[in-house]
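The structure appears below as structure tokens.
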């Protein structure tokens, strides 16, 4: 265990990711809770101001403080992507594991199902589902997770095949372990590396997808703030004012790259571990 | 003569991967043998001779193409689920590749612990575990270690302990001495003898180290390219090879 | 190779694709049923007041048949490629969707070209000098372009190159009609208008391509035939052209098959920003106007197109790679 | 690689060398914010589409800017019969359709029959209800026969453009909407449609056989579809377009300061925004609606009032807490006026634009009504119920979304929790409004040329989706009936004032503002005169 942690720790990407994660936590989890002020508070006397000491990122079209909005928005974006990724990894684990440990016919059917979901034009289905009726966060999260589990499933499946053929599983079967015991004792710990790394990578992807959907006006709705909705406002900015676009870009960059680095680092080490076997 | 424990009748196993080739190749072909209680047999064969397939087939981890395996007179293909579990618990394998036989993410105790019968209390399980560890000449503190912290010999002995925790009637030993020097081979042999007398187990002993066969040989078989042949004594194998 | 068995497996593959499309259509139908009021709206303009809509519904008759009958009808219409008429404009959905495919495909094609133009050389540099400063720099650059969404890059381009510097057009696919002396000048005009959007999209493709091609290239460079070629003293250019690129065809093909869905729906945000009359923009407009037949038709046609294109890629892959062919045949036989 | 390196600058050069289009002589390019969905006049069209449509088709008469009188268009004259129940129109004799067919009185009769056909479902049907029959006497003479004498007979007769019989009679009525006439219209107007590039351009060319002697001087009009307002600004300042009507107000200062070649005109608009309060209890409404299906009249008095907005005083307090001035000045830079009663184009045109904003009075009223913050959580409550309500608006309208953002703030200040919800418009009309699922609505109406409050507030329309609020007042109903029965214009104006006063007292809505339309155009165009009816109404008289 220590060895694995050591190995992960030695990965440069992971270390960088951890440092960035610290920033993300400060900006998106701590600051929104300790900084006073309402991100929706408007001061119509001060619209479109450029950065000042009072508003370090300036204000938007309704005189709202962009920095406050960004930290709150980034918080919600992260919450959405963290939960969505959790669901999607769970779906991926279920499908991938069933597929990997079932007879070939079921495996074949499930894998073609996965191909099918790969083949759906995701954004259009988001438009189809989110464009109608009332908005709710739950709906957004469910829809996002339904269309993002496929890669995890494929990875879990191939890893399950690998574990299937391992002798410790064969021995465990011979010892008469029940299916659930087998799963929790032998499969899950060995799938954990893949699950964690695909979870973190998934988070970074979902942040991008969610902000894209919110950007075209189908995702998070006001008064909730997400990075996408904030960036949407940039379209109405006077075009010599770059504050909103620059700062919101930086926030997206920070959030996405953090989880990207973390996931990449984890993935590299879990892969390495496999080679050593 | 003791009761018949295992009776293998004409089993064959087709190699799946080469299904495309018109001339089907057999991993195992028409293998028959039988084993009585508290008896041992030896199988001699080179690597890739079909030994592993045979183990898998005996444990019903791979479906056989034809033939039947009887356990205490009953066809294992007709076993109910619980019967199959009990059958497997009674026939424990010790694989040659002990490195892969242990879950690398579990402590030794957890690797072993789940094999005990559910009827035992936790205390009893731990007590038995400690006894077995001592029997194999290992230190108790090994239980809290992870597999990668163990030496090869220790790991091998752990896999043997794991085979014993289900209190089996028979143990299939696949090249148990492959990585041991002569002194340790002797020690291990002694342990096997002790186990045999103490737990009343039968052995199926698979190896290509002929001198050791005599310790396990109520009868000797050779296996080559999926075909099996009964030998009078181990010297016959030498002759067979020279042919 | 066993010719008969190959044909058989191709047929089997096509059959599965057919079943998959059928299954996908059923799933789509279920999704459509979740839209409130989706079965009431047929060819009646949604611009009418509800009362008027209902009156017309009474006149024209509404669809109260059991759900399975509706499903069957929908399937039948889909097979006949009849998706009804847009409730906004009254035009056939098929016509609207097919006419908006062209800009999207052109945009995506240019973006993929950008992606390869940027991603491949970078991947080559990184793969040949792993761990070097250049490699690290390129990796960082690519993480940047991965982490910044395409629409952010697009917005930035728009603000800077179009609004500020005014050297690129901000919208439209080409200039005012009627002023082109030739088709060629119209074509260049389209390219000019698609320059910024395709570059913005291409940058995010580039990061993806880079990552993928880098690992593949490292594999290829480690292989023995490259070592042998080096040992024979071939020049770098020859090695790249005669050894590396041919071996990249397969990975690139399978890469393309994974991004087919993006070809259709990946450009939504970019089309939205740059007002490109592609399928994504059409879909967003349709959502705003609650033009349900148009949305359903768009999603369905794109889905079928994606599945067919992927099948085409699959068959191409098989033609290029005998190994996959055996796997295929195996798969078929094991069923 | 090398080849690409060499090619790249070349490609780039080719791209750059595509010269930017400059404004051409004889062509006007106009920016449109949305693509017209169709140009088929039989179906409800967006404002953009009907503006374009008005260049392609003609009415019998043209309404003047006073919205009361008319001047000749297709018809050169009209006369009332002695009993004032018949109007005879004499058409110009030299009118040709764009396909060179002659326009005759048969087309007029055909158009009338189409408009009144139930299968078509034309949304202006109410105009035609007073008309008994339309008869073509000869090729240029048409008689409209009316049922009752009203001040609006001419308006009723000329509403709806004249459509070509020789084309549309070939299409089945049921298939009209799906026919391609909406994208290939044949009209008689000054311009004909020659080219329509999906989501890009619509090109109109001068109709050479236009009947009017003052044929349009500009030979080509190109409507360029530019979805983003900011792009519109950029393009008009780059001389890529000549004229644009939906320029965001924040850019107006910039335009007037930086570009002396652009002219900004500000003219009265037709639409107004309001908040509609749900005055009835949803549960009791739905129960009664289902149980007494036959006649709404019987159950209206039985419906229980909404726990908040059933009370007139609370509605008053809600109105007082809105700073309309802030909205009009900040969101519209003053290009909108606060209103305190329904906005009408007709008759009494003077607006009461005072800003009735008094937050302390609002609070006072709420306290008097028993709403106080007894548990100290910042939200008012009464009998354990919190002052919390959901307001809906249609998605896709930036201004309304911003107003909601402002309202959340303002109501928050006096301890009211407002939950904003954006849904797309038809979901609003098909589900939320008919089932009264809302507490409040932020919407806008287009003030009709002929003021009529029946669909919005009269009890006979109680179950109609436009009857948003569940407003019920027998006094109002009487006044409204009186208004509709007015015999002449002065009478009508007098009754209208009474109705407006009654409504502003009762406050089923909080009327927010009416916004001015803004037209920005290049000064090279002469004679630009935007009209309340359409900015391009006098486009045929524009000159370069």
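Every chain is named by a letter (A, B, C and D) in the order it is written, and numbering of its residues begins at 1.
One rule holds in what follows: a contact is a pair of C-beta atoms (placed from the backbone, for glycine too) under 8 Å apart; a residue touches a chain by one contact, two chains touch by 3 or more.
Keep in mind that what you see is a predicted model, and the values were worked out from it rather than measured.
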Comparison of C-D and A-D by number of C-beta pairs in contact, larger one: C-D
Chain at maximum distance from chain B, centres defined as averaged CA atoms: D
Whole-Å separation of chain centres (CA-atom averages), chain C against chain D: 39
Between chain D and chain A, distance of the C-alpha-averaged centres to the nearest whole Å: 44
Interchain centroid distance [CA atoms averaged], chain B/chain C, Å: 55
Distance between chain centroids, defined by C-alpha means - chain B, chain D (Å): 86
Interface hub residues of chain C, defined as touching at least two other chains: 36, 163, 273, 287-288, 290
Multi-partner residues of chain A (at least 2 other chains): 131-133, 217, 235, 239
Residues of chain A touching chain D in the complex: 40-42, 44, 47-48, 61-62, 131-135, 217, 221-223, 235-239
Contacting residues of chain D [partner chain A, same complex]: 228-230, 234, 248, 250-251, 254, 326, 330, 395-396, 398, 401-402, 404-406, 408-409, 420-424, 427
Complex contact set, residues of chain A against chain C: 104-105, 108, 112-113, 115-116, 118-125, 127-129, 131-133, 204, 208, 211-212, 215-218, 231, 234-235, 239-240, 242, 245, 248-249, 252-253, 256-257, 260-261
Residues on chain B engaged by chain A in the complex (per definition of touch): 56, 59, 61, 85-86, 88-89, 91-93, 95, 97, 100-106, 110-111, 114-115, 146, 148, 159, 162, 165-166
Contacting residues of chain D [partner chain C, same complex]: 1, 4, 11, 14-16, 18, 20-21, 24, 29, 35, 37-38, 40, 43-46, 118-119, 121, 123, 174, 177-180, 182-183, 195, 197-201, 203, 222, 224-228, 230-231, 234-235, 238, 395-396, 424-427, 429-431, 434, 464-466
